[in-house]
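Presented below are the structures under discussion, each in the form of structure tokens.
Okay, so chain A shows up in both of these, paired with chain B first and chain C after.
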Partner chain A sequence: MSERILETLKSRFGSAIFETHSQFGDDTAVVDPAKWHEIMTFCRTELECDMLTDLCGVDYPEREPRLEVVAHLYSIAKRHHVRLKARIGDRELEGDVEIDSVANIWPTANWLERETFDMFGIKFKGHPDLRRLLMYPEFVGHPLRKDYPAQKTQPLIEYRTEEEAGLPLDKQLPFGPDEGMSFGRKEFTSGEGEAS
Partner chain B sequence: MEPIDLELEEGELELPAEPMHLNMGPSHPAMHGTVRIVLELTGETITKADVQIGYLHRGFEKMCERGTWAQVFPYADRLNYVSPMLNNVGYALAVEKLCGIEVPERCMWYRMALGELARISDHLTCTGAMAMELGAFTPFLWFIKAREMLWDIMEEETGARLTHSFGRIGGMASPPTANFKAMCREALPKLIGLMEEGEKMLLKNRIFIDRLENVGNISGADAIGLGWTGPCLRASGVPYDVRKAHPYLKYDEVEFDVPVGTRGDNLDRFLVRLAEIRQTRRIIEQVLERMPDEGPVSVDDPRVMLPEKKDVYTTIEGTIQHFKLIMEGAKVPKGEVYSYTEGGNGELGFYLVSDGSGTPHRVRIRPPCFTITQGLQKLITNSMLSDIVPTFGSLNMIGGECDH
Partner chain C sequence: MGEVTRQVTLEGSQTGFATTRLDALLGWARKYSLFQYPFVTACCGMEFMALASPRFDMARFGAEAPRFSPRQADLLWVVGTISQRQAPVLRRIYEQMMEPKWVLAFGTCASSGGFYDNYTTVAGIDKIIPTDVYVPGCPPRPEAVIDGLLLLQDKIATGDRTPGIIKPREDPASMGNVNGLVQLQKKSAKGDRP
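Then we have the complex of A and B:
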């Protein structure tokens, strides 16, 4: 059943399917971002994937197409899942990182794409209303990219200084640089990182 | 009585009409979990609505990338804070799928029992809050009294009423207490009694029914297109339940029905939730029947499980194992997985990416309310302003989950 989906996709799109795997039983296909919309339409109509369960981004700072858009599709009638991924953006993420919007296939993609835009800065071409969803409009940057520091804050109203308050303020940022698990955590800096 | 403006021309009577803009929320008693809806009204009819979320955004996914795999459990608790156990179990199952671990049978039953108790608590809160927002305060108190019984059981089992952090990779924090089964068996009939009492008060109330019936209708196809899952989708007549369609734990071994609605209106969503509480009771009774009283609840796998405290204090192996697991975290094999369970509101998915280290590379949560809240705009456009309250209540939007 599951292998069949990947076979269908491969025979239909050929070289636009870069790689496939079925790790843990999740059928996954990495597809050409230029054919993203076409392949998704095919999944909707031919494979009967009527539900776009999830759409999100993943940042791999050490890879060359750095960002990955991951979509999980599900067919209620046929009970199959398929995961499609497209890799976009160069290492420095210069210029617009773009991919086609699928909001005209599934209405649910509207917010999911807005969230992905908000968190990763991926622009969805043809999206009806691409605004930030979770963060506020004044926010600068895209927080889920690995080079966005977790301890950074962007308060809309500046913190009080000790002079203004007239008393010593032990104001601490939510995350200190020395907080957390120093062994377990990896530091990512823009553009460079460990090769996997 | 004669109208006084008989002699006036018709045109003179017309007042300039322009749409009125109204902000509802983010601090509004009916907007549980801080949501803002920007409305454009003509009279009392909503012509445009823009639902804005994110007021409870805490950077859950970013925080998960900073700690170890086990440190995600407290965050998972705070996603859907009405049924934290379901989130705990959902996340534990996802990591176990990635590690290739299968928990012992006793643990599976235990997770099901606790999860279903949490599901009742979720549905009771939603239906109760919905009634309260429509002015029926007494049924809300009944429902909350029933929920209190569940939380007493949870407190006895886990030590916390709300944020349990009870799941572990490869098991649970501790085995069921000696009188867990007795407590459940005692509480369940009482709880159903209270629920039925409240239900009678509501379903024979004309005002309540009128405000729910045929308000906020959505067809099954539209609901699927919007990515709805859980009770809201089933109220539209689509019998999709992860527990039936893709059974996990031992759900394929228990008998239960999936209640579905017909019209997909607010009343259907209300009734589906109440019907699910009854089905959940059936599940819990079967689970209690079949859960073994003896046996381990956690896998015997030193890669993920902490050693016993007596070993930590007396042996060097135990100390090192404990140190490594706490400081570096359990090493999860490289790979990616999407694991999904039936949460209180629908399909709760975790998409995990591991780079082989003790820290997650990416923890993506697929919260069921996120897509459901997206549908609110469609439901309330062209309806009356006062319909927002029951419609929004019936969707059971949980801020912590929706806003990540």
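Then we have the complex of A and C:
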């Protein structure tokens, strides 16, 4: 139904719309990251997409450009959806990975962009207050990037030692399959270490 | 009730007059007047509410009054997932509690991190604070928690500070399994159990 939106975008922005596709009623446009703010403003004003449903990041480590910013727009009045994507960042993510902030168009983008920055390290130019949202300020790195080790933790306080605790801490403590827990750290990560 | 074994330490009344040690008397008094601080962070909190409400009625065991200041509490319930960001808060709350104090890990996440094996979760609160009783379950049944509370009361009465685990009671899914292991099986297409 809202494929007309994609036609409108293509006729308005031409070569800034890299590709489009529609599937199962979802219409997606991959756009030029340099024109991100301009296209989003157009969607807000001309297409009346007054609701930014979501804005998030995706990491495709095998692709170039590697990161993707995805915005889901919805018009409450016209009842149409459109999904916009912008691909940014080289394979190694050298330097700052930047895209324009849309927080001055939709206020909700403020926190959504902070979360995307937190999880993927994408810098949003013009954002009023780009801090981490979910992780703590001491956290190093961006956990949803595919090169972040999946089980790496960065504790804020020192863990107790095993001598202090008097029991092994690195185990699927204290529950094994015989105690009704079919999942647990050790078994989950290395496939060894049946709980006694 | 499951694996809980009860040890009776007071036996003076059987001989006609009461003789007891002071620590046994204190343990007896403490175990029936637990003032609890619920540190509720996640879905296990719903089960905690069930436990505190009339059907399961934690008040029967003297653990009636929740105190929302750690300085007035002697039992810390850690109910739910503890993230790395919350870890300093939890330790600070533990440090603010008066001695003697006990900690009960409510549910799998508090006990071991559960399936949250990632950048954000503390895999078990015993990495941060000493823990007396672990109650597994996702979330645990209120009966399991009552088992845990009784086990803790026994530990308080005897002065035992070694960590204890509440083992789940016989699960229907494990019936007929020689090892007693829980093995989930798919139903066959006709709907009858294998």
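The working rule: the second predicted complex is superposed on the first by the 160 of 196 C-alpha atoms of A that agree within 3 Å, B and C clash if a C-alpha of one lies under 4 Å from a C-alpha of the other, contacts with A are read in each partner's own complex, and residues count from 1 in each chain.
To be clear about the criterion, a residue touches a chain if its C-beta (ideal position, glycine included) is under 8 Å from a C-beta of that chain, and two chains touch if they have at least 3 such contacts.
The structure displayed is predicted, hence computed values, not measured ones.
Asks: Is A:153 touching the first partner chain B, the second partner chain C, both, or neither of them?
Replies: second
Asks: Looking at the overlay, does A:50 come into contact with chain B only (first), chain C only (second), both, or neither?
Replies: first
Asks: Applying the document's definition of touch, where does A:78 land relative to chain B and chain C: first, second, both, or neither?
Replies: After superposing on A, A:78 lies clear of both chain B and chain C.
Asks: So, A:4: does it touch chain B (first), chain C (second), both, or neither?
Replies: A:4 contacts neither chain B nor chain C.
Asks: Counting residues of chain A in contact, which comes out ahead: chain B or chain C?
Replies: Of chain B and chain C, B contacts more residues of chain A.
Asks: In the overlay, answer first, second, both or neither for which of chain B and chain C A:107 touches.
Replies: After superposing on A, A:107 lies in contact with chain B but is clear of chain C.
Asks: According to the stated criteria, A:125 is in contact with first (chain B), second (chain C), both, or neither; which is it?
Replies: A:125 sits against neither chain B nor chain C.
Asks: Do chain B and chain C land on any of the same chain A residues, and which?
Replies: 134-136, 143, 148, 150, 175, 180-181, 183-185
Asks: Using the touch rule from the top, collect the residues of chain A that touch chain B in their complex.
Replies: Chain A residues touching chain B: 23-24, 26, 28, 50-54, 56, 58-59, 70, 72, 76, 79, 81, 83, 106-108, 110-112, 115, 119, 132-136, 143-144, 146, 148, 150, 175, 180-181, 183-186, 196.
Asks: Which part of chain B faces chain A closely enough to touch in the complex?
Replies: That would be residues 53-54, 57, 59, 61-63, 65-68, 71, 97-98, 221-222, 224-227, 238, 240, 245-246, 327-329, 335-338, 340, 347, 349, 351, 353, 355, 357-359, 361-362, 364, 366, 370-371, 374, 378, 403-404 of chain B.
Asks: Give every residue of chain A touching chain C within the complex, in rising order.
Replies: Contacts found on chain A: 134-136, 143, 148, 150-157, 159-160, 165-167, 169, 172-175, 177-185, 188-189.
Asks: Give every residue of chain C touching chain A within the complex, in rising order.
Replies: Residue positions touching the partner: 84-85, 87-88, 91, 108, 111-115, 117-124, 126-130, 134, 136-137, 162-163, 165, 167-168, 171, 179-182, 184.
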